[in-house]
Structure formats: structure tokens, C-alpha cells
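See the structures that follow.
Two complexes, one shared chain (subunit A), two partners (subunit B, subunit C).
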Partner chain A sequence: MGKSIVITSGKGGVGKTTAVANIGTGLAMRGLKVALVDTDIGLRNLDLLLGLENRIVYNIVDVVEGKCSLKQALVKDKRLNNLYLLPAAQTKEKEAVSIDQMKEVINDLKIEFDYVIIDSPAGIEHGFKSAISGADEAIVITTPEVSSVRDADRVIGFLEAYGLRDPRLIVNRVRFDMVRNGEMLGVDDLLDILSIELLGIIPEDENLIISVNKGEPIIYSGNKYKSALAFNLIVKRLLGEDVSWDELEKSESFIEKIFKIFKG
Partner chain B sequence: MSNISIKGDLREGIKMVVNPSLSWDEIKNLIIDEIKNKEKFFKGVNIYIDFQGREIDNTEWEELQKQIYENYGIMLNKDLPKIRIPSSNIAKIIIGPIRSGKLVSSKENLLIIGDVNSGAEIICNKSVFVLGKIRGSIWAGYENNDKAIIFALGLEPEKIQIGSYIFDLPKARHRKAGYFLYIEDGKFKIDTY
Partner chain C sequence: MIITNIWGKKMSSKEIAKERLQVILVYDRAKIEPKMIESLKEDLIKAVSKYLTFEPDNMRIELSQEDNKSILRIDIPLKE
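Moving on to the complex of A and B:
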């Protein structure tokens, strides 16, 4: 029996789908059997980030409506044999899948897979509730902005109310230089406000935008880019390894130094 | 009861209680003797004289004040600092943090152990004590109880209201380790530690 993890945020556009694509790929690269579930019905994106948009035949709504089996709806990744995507329907609405149906789908996937990573929609309505219903664990992702932090706080409250105790935090789009100058909330400030365990820090990285547009998760590039390194550290942490975040900040300042040399 | 007694139960200093039925001269001599005998003890301490409701002539009082100050360097006060305690000692205890979107309402005093985060709302008919930081909004003394107080270890609130008064807090971050908020003479007061 595998483990299901939901990645959620409350606020939209903070990097849920990117995190799902990269963490899922990272786990699969380590040989684990991974299923990624897009529950953002009506606004699906996860297929694009994985470059699988033209391979989708069936989707999660077809599964719960009995039009196809779960196996038929799963899309195998282009590069990894042990990574699968269960896509959302683009032409239906969130209510097309009930909370109980979602729970059942996730439980069926857990039998086959080591990890089931669930991509939650933004908001705290039906879609969010069904996304977290089948999850064993939760990861909350936020950016260091007050609006995003407040929404994350709300979501943590919801998760706790729904029995998902001890969610862990990923802080996305951190700019260490701005934090050092006091222009951006630091990770310590966020942990102080949200009082949950830190799972990872992802620095702001334009290479990440390029990888999203290419449909190729950045984690494939190994540790070449700082965001890829960050995702690798998160995957390690998820698998129970001890990880130091200093490595990340060091790599950042190293890159900054090189920039400075070039700029003269 | 003796004619003069010392009670050290004020945060700001020492309280001296005198028998209100004595004449002014008797009271005056009692106070002078007391201070003379324990001069070292009183040095540098605020002394508040509690006349227990006895009428005091202002010129006589100022004379005594001056005499004590000139001889011993001690300043006497007769207006007791108001000791702010909640109107009842029953409190509902809530373990925080109180997260965004959560509304907590209580008819009793509230003791919140943990932070009150941005987007959270507390509405309480009596006083609110936060053993943490206030980042959200708090309405103590809902709806018209101006005697309610708020205590917090940290203060970066969205909105603070006591009874019918809304506190207009400057946006700047405060760096103290304890805040008492209360209404006095129709004005918001804030004591820090």
C-alpha cells in the first residue's frame, strides 16, 4: 500500500502544479512507482508541465462515470516507465467528481503505486475538499508574500480540521538577496507565522519558467539549476533523508558571485 | 488596624494606607515618621498614599509633598495607579495558533495560548489575553464594555477594538515583549514592557 500526498496552497499561482510535477518526477527517478493525480477539473495544467497533453485519452471524470477503467485513464510518462498521470477533465466542472468518488480513486491508486501525489485546485471549495479527502499527508506551498501566507494559514486550519495533522511547508520563489535586505519575508518569519514543519525552500529561478513552457520538469537537469537542486533536496527530505538548507543558499550565493564577476 | 501600613502590591511602587479618620496633622506626622524611619528602604521608590476616600486639602498636600521631597528626595503620590484586572477570573482557554479564517467568540475572558494570525477574528465580551502575537483582529469588550483589556506578547494586528473604541495602531513593527491595551478617559492607552 502506497502513500498519498496532497500538495495544496489556497492561493492560486504559487506553484502547486510545478511542485507536483517535479516532486513526482524526482520520486520516480529514484525508482519508485508514482502516480500524479490532477484534481483541478476544468483547469487542468499538470499534463502540460509533464509534456503529456497529446497523450490523454481518458480522464478522471471518465473513470468515476465508468466510461473506462482506472488503468486505461492513466497516462504513462514519456521518459520514465514508473511515472503515471491521471489527468483531470478540461470540459467538466469540479462537482463532476464527488468527495467519496475521489477517495475511492486515490485508494485504488495506492494499491498499485508507492506514491500518489495529488495536485489540488486553488481555493477552499469543493475541489479542494475532494483533493484532500484521499490524502494521507499534506504539503502546503506558499510564496513569501503576505496574501499567500494568509491563505496558506487558512488552508492549514482546514487541513487540521479535516484530520490531516502536521502538514509540511514548501516556500516557493524565495529571493535570498531580498530576504537579506529585509525586503522579503524570510523563511524563519513564515515558519513563525504558520508554525508547521519546513519541507523545502525553492529559490526564484527563471529556468523553472522555461522548463514549465517546455513541458519538461526541471528536476531532470540534476543539480544544474538552483530550483532543480531545491526539488532534489525536497524529494530527499520526503524519503526521510536529513537535508541541510545551507547547501541551497550557498549555491545561490555562488551563482550570484559569478554574476558579479561577469558584470565586472 | 494600625494607623499606617505599607502594601507593596503595586507594579509601579509601594502603597501606604493611612487611617482616614485621623486629623491631617496626625496623618502628616505619621507619614513623615514612617519615611524617616525607613528612609533607605523607600529610596528611589514611588510611594502612593491611599487616604481611603478622605478629603485632602490640596495646598496642605503639596506642602507635605515638597517637604518630603526636599528632605528625603522621595516623591509622594496620592492618585493611585489604576490596577487593571479583569472583571472576573474565569477564562476560556484556547490553544493556538488561531489561523486565518477562524472566528473565535466568547462570553467569558479569553486566554489564547499561541498566536492569533492574520485573517483570524476574535470577538469576546470581556478581556482577551494572548500568550503569543496578535496579527489578526481582536474585539474585546464586545459590544460596549470599555472596561475590557487586551494583553499580548506581540502586536502586529489588523484591527484592535475595545468596546466602542477602535485602536489606530501605527503600521510600524513593535519590538517590545508585552502589551497592555485598555481604555482610559475615553482614549486608547498602551502599556509596554
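Moving on to the complex of A and C:
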């Protein structure tokens, strides 16, 4: 029996889907059998980030309506044959999948896969509740902005109320230079405010935009880019490896130094 | 941008963000609107003034969180 993990945020646009695509790909690159589930019905996006948008035949709503089997709806990744996507429906209403149906789909996937990573929609309404219903664990993602942190706090409260204790935090789009200058909330500030365990830090990285343009998760680049390194560290930590928190900031300041040398 | 806090100490925008978040999250978690506390304060001043003498400006109302419980503290220093 595999493990299901929901990635959620409350606020939209903070990087949930990017995190799902990269963490899922990272786990699959380590040989694990991974299913990614897009539960954002009506606003499908995970397919685009994986570059699988042209391969979708069926979706999760077709599965629960009995129009196809779960196996038929799963889209195999382009590069990794142990990575699959269960797409959301693009033209249905949010309520098209009930909480019980979602639980059943996730449970069925857990039989077949080592990891089931669930991409939750923004907000705290029906779609969010059904996304978390089949999850064994939860990851909350936020940026260091006040609005996103406030929403993350709401989501943490909800998760705990629904029995998902001890969610872990990913802080996305961190600019270490601004944190050092006192112009951005640091990871330590966020942990102070939210009282939650840290899973990872992702630095702001323009290469992520390029990878989304291409539909290739950045984690494929290994540790070439700082965000890819960050996702690799998150995957390691998810698998229970002990990873130093300083590795990222050190690597960033190292890259900065090299830039400075080239710029003269 | 440098702004000073109520004690005149210089605050960075990061410290301002942290302080604002800490305050609003206490209200969010308690499911109370900050404005409600203001109204409560006004009513308290009216009610307490009927019985005791005090300086309304010295009255303090503070919502805080301890061990997942919301606590409302009201301090009313009385006049001698």
C-alpha cells in the first residue's frame, strides 16, 4: 500500500502545481511508482506542467462516472514509465467528484503506486475538502508574503480539523538577499508564526518559468538550477533522508559569488 | 523603507510584516473581527464607568493565544 500526500495552500498562485509536478517527478526519478492527481476540476493545469496536455483521453470525472476504468484514465509520463497523471476534468463543475468518490479513487491508486501526490485547488471549499479527504499526509505551500501566510494558517487549521495532523511547510519564492536586508519574511519567521514543521525552501528562480513554458519539470535538470536543487532536497527529506538546511543558501551564495566574478 | 514602531525603534518591512501577521492570525484563529474588540472596548468603558473611576486611555484589551486557546485580557487601572 502506497502513501498519499496532498499539496495545498489556500491562496492560489503560490506554486502548488509546480511543486506537485517536481516532487512527483523527483520521486519517480528515484525509481518509485508515482501517480499525480489533479483535483482542480474546471481549472486543469498539472497536465501542462508535465507537457502531457495532448495525451489526455479520459479524466477523473469520467472515472467516477463509470465512463472508463481508472487505468484507462491514467496518462503515462513522456520520459518516465513509472510516473502517471490522473487529469482533472476541464469542463465539469467542482462538485463533480464527491468526497467519498475521491477517497475511493485515491485508495485504489495507493494499491498500485508507491506515492500518490494530490494537487489541491486553491480555496477552502468543496474541491479542497475532497482533495484532502484521501490524503495520509499534507504539505502546505506558501510564499513569504503576508496574504499567502495568512491563508496558509487557515489551511493548517482546516487540515488539523479534518484529522491531517502535522502538515509540513514548503516556502516558495524565497529571495535570500531580501531576507538578509530585512525586506522579506524569512523561513524562521514563518515557522515562528505558523508553528509547523519545515519540509523545504524553494528560492525564486526564473528558470522555473522557462521549465513551465516547455512543460518539463525543472527537477530533470538535476542540481543545475537552484530551484531544482531545492526540489531534490525536498524529495530526499520526504524519503526520510537527513538534509542540512544550509545547503541551499550556501549554494545560492556560491552561485551569486560566481556571478559577481563574471560581472567583474 | 524604514518605519518606526510605537517605541520609536526603527523597523524593517520584514518586521512590520511579521508583527501584522502575528496580530491578524490571533484574530483569524479566534474567528473574531478586530473591529469587534473596539466595540467591546467602548461598551466596557460605558459599563465600568457606572461603578468605578478610571482613565479610559489606560485601559488595555489584548487578544492572545496560548496552547491553542484564545485568551482575551482586559486591564483597567483604577484611579486612586
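Definition applied: the second predicted complex is superposed on the first by the 264 of 264 C-alpha atoms of A that agree within 3 Å, B and C clash if a C-alpha of one lies under 4 Å from a C-alpha of the other, contacts with A are read in each partner's own complex, and residues count from 1 in each chain.
As a convention for this text, a contact is a pair of C-beta atoms (placed from the backbone, for glycine too) under 8 Å apart; a residue touches a chain by one contact, two chains touch by 3 or more.
Just so you know, these numbers come straight off a predicted model, no measurement behind them.
Trainee: Under the stated touch criterion, which partner chain does A:Ile111 make contact with: subunit B (first), subunit C (second), both, or neither?
Mentor: neither
Trainee: Just subunit B (first), just subunit C (second), both, or neither: which does A:Gly157 touch?
Mentor: Both partners, subunit B and subunit C.
Trainee: For A:Val149, select first, second, both or neither according to whether it touches subunit B, subunit C, the two together, or no partner.
Mentor: A:Val149 sits against subunit B and subunit C alike.
Trainee: Which partner, once the models are overlaid, touches more of subunit A's residues, subunit C or subunit B?
Mentor: For subunit A, the partner with the higher number of touched residues is C.
Trainee: Per the contact definition in the header, classify A:Glu183: touching subunit B only (first), subunit C only (second), both, or neither.
Mentor: After superposing on A, A:Glu183 lies in contact with subunit C but is clear of subunit B.
Trainee: Which parts of subunit A are in contact with subunit B and also with subunit C?
Mentor: 146, 149-150, 153-154, 157, 193
Trainee: In the complex formed with subunit C, which residues of subunit A make contact?
Mentor: Residues 146, 149-150, 153-154, 157, 179, 181-186, 189, 192-193 of subunit A touch subunit C in their complex.
Trainee: Going by the contact rule set out above, which residues of subunit C touch subunit A in the complex?
Mentor: 12-15, 17-18, 20-22, 24-25, 28-29
Trainee: Which residues of subunit A touch subunit B in their complex?
Mentor: It is residues 146, 149-151, 153-154, 156-158, 193-195 of subunit A that touch subunit B.
Trainee: Which residues of subunit B touch subunit A once you look at their complex with the stated criterion?
Mentor: Those residues of subunit B that touch subunit A are 97, 99-102, 114-115, 117-119, 135.
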